[in-house]
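In the two complexes below, subunit A is the common chain; its partner is subunit B in one and subunit C in the other.
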Partner chain A sequence: MKKNEFLYFALRNTRMQIGLGIVLFFFAVMIIGPSLTDYDPNEYSGPAFARPSEDHWLGTTFFGQDVFTQIVYGLRATFIVGAVGGGLATLIGLIVGFIAGYKGGILDEILNMLTNIVTVIPTLALLIIIAAYLPYRGVVSQSIIIGCIAWPWTARAVRAQTFSLRSREFVDLARMSGMSSMKIIVQEIAPNMLSYLFMALILQFGGAILAAATLDFIGLGPTEGISLGLMMQNAVLWSAIPLGLWWWALPPGMIIAAIVSALYFMNTGLDEIFNPKLREM
Partner chain B sequence: MVKLRNVTKVYRTGAFGGGKLKAVEDVSLSMEQGKVVSVIGESGSGKSTIGKMILRLISITEGEILVNDKDISKLKGKSLKEYYRTVQGVFQDPFSTYNPVFKADRVFDIIRAEYFSDMKAKKWREKVESSLQSVGMVPEQVLNKYPHQLSGGQLQRLLIARALLMDVDVLIADEIISMLDASTRVDVLNLLIDLKDRGLSILFITHDLSLGYYISDYVVILYRGSIAEMGYTDKVFYNPIHPYTRMLLTSVPRLDQKWEESEEELMETQEIAADSLEDRCKYYDRCHFAAESCGKPELKKVEEGHYTTCPRR
Partner chain C sequence: MGRYFRRKLLIYLLTFFAAVSINWMIPRLMPGDPIRALIGRAALRAEAADKVAEYFSRIYGLDQPAWRQYVNFWTSLFKGDLGISIYLSPKPVTQVIRDSIPFDLGLLIPAILCSWIVGNKFGAFAARRKRLDGIVLPIWYVFTATPYMWLAILLAYVFGVLLGIFPIAGAYSFAISPSLSISFILNYLKHWFLPFLSLFIVQLGGWAIGMRNMIIYELEADYSRYMESLGAPRKLIRRYAFRNAMLPQITGLALQLGVIVAGAVGTQVVFSYPGIGYLLLQAVMYKDYFLIQGCFLFIVIGVLIANFVIDVIYVIVDPRVRHGMGGETA
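And now, the complex of A and B:
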């Protein structure tokens, strides 16, 4: 009954519809895209800087690579970074937040200190240093680096929520039932903040995509393959805009912006779904 | 059964834990089998803290609590889990004692998962049903429902039924009826008396004097974390000695006395400069017998089974 209610409001919520629609659209493009194109993303497949045409739906680059193909394969990198990087950040944030919030005391002090340290480290600088030292950079290793740095705010929020749930009497009751701390966290506390955890995952997903785009753009993207950020970097590097190659320069950035905004849209939509006070009647 | 020896609980307060708050100070009392001990006190008197310390939900700063001659502060892991077989508690707010996400009878499922995992499903169901019947409920009416679908009284009795699934000797009842309707209160109270007759020791924590009188064999009056007066119920209620106990008893609205008359008795409190309250009786600043000679009092025997810190009448 309760789940159906959430699903009902989720599907009726306009922001959720729009956000989910956009994300699913690009997801579908990523899945079926490769079968629509005959080229490889980095293959010199046609005339250089050709305008969009029947052969090349979004034109070609300075070197004659097919822009549409690059986008289709680049989307794959984007979704991998979102899932792996965002997922990892959420996971670390959850573990640190739950343990710090539930156990309290010295453990909380230590974890809190760690969280603060990672928070104040200039993330971008650290990303640059780590990325620069890796001889080979793949999409996955990039995601892992991002995940290891983006977790603090999730940890903080989860810790705060766990603190307030910990003092609730049902947790005392669970302790009096001989449940271990681990079980109490997973079975009693986590289900109470499921909606929040879901939102955190979505925000981390979007955040990881943006972080990856930033890295790619300054030239620390994957050394092999293609990503949307890498496309943007190449476009800038080869003066796509001064040369008037708008079909090369604009789409990757717009797609990243669209996906990330759609995720934030979903997030505010979820807010309304989980919090009945915000629901439009 | 349960013995508290000079138990003290100090909370650290303030940003760096520099401040100290003595929630419970030097409390000693004991509970016997088949008896109800009431701990009566106003908000902040430390009565719930005592209950939670016995339940091992918060740590003891000083002193010790012995249950069946074992120091409970040393219990860990497995032995702590076994401890909860014999000592259980029910809290004030039935609605926050249940995890709102799950059905109410999950509290039974947890007990089964933790303590009776090898029991057959059918046998377990019988056990739950007989436990429910012993707290006066019809299993079909309460099983498989969410907490918000049940009344406060039903929820509290479910929690007592939960405690009964194990072989509890000691039940900590922390304000268990203060949030219930008057009509369901009596049911729960009578249930507690039934349990007492079956040999359970009950620590009944309350702020309501009349409830304490109704149910208990022994009464402990707590004021700001210290015992002001304690003794057998009749002795304390018919011969109250500590000014605080007397004030409490006068504060109970009575049918045979107009409120103005009671109020006059209460109004006599003197204005006392709150200078060196440290070494004074805790009730000093509210007491209308307060005098220069009042020091830090100790619990003294007034008569057999009746103790108080204030000998003044």
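And now, the complex of A and C:
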């Protein structure tokens, strides 16, 4: 019954509809895109810097690669980084936050200090220094590095929430009945912040995509294959802007911006769904 | 207050220590040998390459035990020696970075401060104004979701190429040399405007959203309701809410610094703006490891200093911290 209620409000919420619609659209493009194009993402398939046409829907690059094909395959990297990087960051944040918030004491002090340190270190600078020394970089290894560095704010938030839930009566009751800490966290505390965890995952998803785009852009992207950030890098390096090749320079970043804003929209939408006070009547 | 600063300083010292250690450790942990990679580009014969590799190992002290290398790393760091840049060889890394710092600060500080102030004011204004809020909130979300470099590309394309109003590369024209003349300053500002604007717009969204949410939260708080019931004017209540909402925004500024610096890297690359970000791209492209490490350290130090300045400001703004009565110390 309760789940249906959430679903009811979720599907009626405008922000949720728009956000989910955009994300699903690009997801669909990623899935069916490869069957719509006859080219390989890095194949020199046509005349150089051709305008968008029937043969090349979004034109070609400086080298005659098909921009649409590159985008279709680049989207794959985007979604992988979001899912793996964002998922890992949320997971680490959860574990650290739960342990610090529930156990308290010296363990909390240590984890809190660790969180503070990783927060202060500029994430991208750390990513750069790690990525720069990896001779081979894949999309997955990039996501893992991002996940290992992006967790602190989730940990902070989860810790604060756990801290306030810890002294509630139902948790006391569970403790008195002899449940283990692990079980209390999983069965009593986590369900009470499920909505929050879901939102954190969405934000981390978007954050990982943006971080990966920046990394790709300064030349630390996947060494093989293609990604949207890599496309932007090539476009800038090969003077797509002064040459006026807008169909090469603009779409990749626009798609990233569209996907990440759609995720943010979903997030505010979810906020309204889970938090009845904010619901529009 | 003493406890607050001691705690903060401890975190910063530990962070600095961790950053330097990471900087030292990563090249040694990673697969592949940077020296070999370096020599590889010179395309020497095998025996010659071995000799050169040995020579460089000795020069860089790589034949010593690990702990000794670690100590050496710290000593040379305190002497301000970060090695020689390969990309801009024979210039020392410290000097290369020092040359680019004025451009960085000149771009970053105005962009951060302007977007923070304007974003806060605008966000506070839009909160609880239903129609305005409905229009501007989605726009702000799009702003903060935009990759910095993409907005830079867009602005460069529209204002630089299509309209041709602003230059799109460098910090000043090659035709003139830096001086304090009017023509140079105008030229500098013209080059500065688009990078500034792109940094400003992306950050603006985040601050405005944050402030809007905080104001809504504060207006729901008991003290606001109490004042409302006393018949206080709305303007006054909003002013109190604004002052309370400022505090998390100041903390937020400290937390966001790292992200902003990252954004500036992308922006500088698009506009070939000679700050640390652009330097970093060159360093990555030329596999100039000393320069990469130097940039990393400088970014970390810069962010730490900025964090400390924000902490001091926080103490000035929040009397609770000043008098040791708690407040937000995290």
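We adopt the following convention: the second predicted complex is superposed on the first by the 281 of 281 C-alpha atoms of A that agree within 3 Å, B and C clash if a C-alpha of one lies under 4 Å from a C-alpha of the other, contacts with A are read in each partner's own complex, and residues count from 1 in each chain.
As a convention for this text, a contact is a pair of C-beta atoms (placed from the backbone, for glycine too) under 8 Å apart; a residue touches a chain by one contact, two chains touch by 3 or more.
In this text, all values refer to a predicted model and were calculated from it rather than measured experimentally.
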Subunit C versus subunit B on the shared subunit A, clash or fit after superposition: fit
Subunit B versus subunit C as contact partner of A:242, first or second or both or neither: second
More subunit A residues in contact - subunit B or subunit C: C
Contacts of A:186 with subunit B and subunit C, given as first, second, both or neither: neither
First (subunit B), second (subunit C), both or neither touched by A:32: neither
Which of subunit B and subunit C A:11 touches, first, second, both or neither: neither
First (subunit B), second (subunit C), both or neither touched by A:175: first
Contacts of A:219 with subunit B and subunit C, given as first, second, both or neither: second
Which superposed partner A:122 touches (first subunit B, second subunit C, both, neither): second
Smallest separation in angstrom, by C-alpha atoms, between subunit B and subunit C in the superposition: 7
Residue ranges of subunit A touching subunit C (in the complex, touch as defined): 113, 116-117, 119-126, 128-130, 132-135, 153, 156, 206, 210-211, 213-214, 217-220, 229, 232, 235-236, 241-242, 244, 246, 249-250, 252-254, 256-257, 260-261, 263-265, 268
Complex contacts: residues of subunit B adjacent to subunit A: 52, 55, 57, 80-81, 84, 88-89, 91-93, 96-102, 107, 110-111, 114-115, 159
Subunit B contact footprint on subunit A (complex, rising order): 168-170, 172-179, 188, 191-192, 194
Residues of subunit C touching subunit A in the complex: 11-12, 14-15, 18-19, 22-23, 26-27, 29-32, 34, 137-138, 141-142, 144-151, 153-154, 156-157, 160-162, 168, 255, 257-259, 261-263, 265-266, 269-270, 277, 280-281, 284-285, 287, 289, 292-293, 295-296, 299-300, 303-304, 307, 330
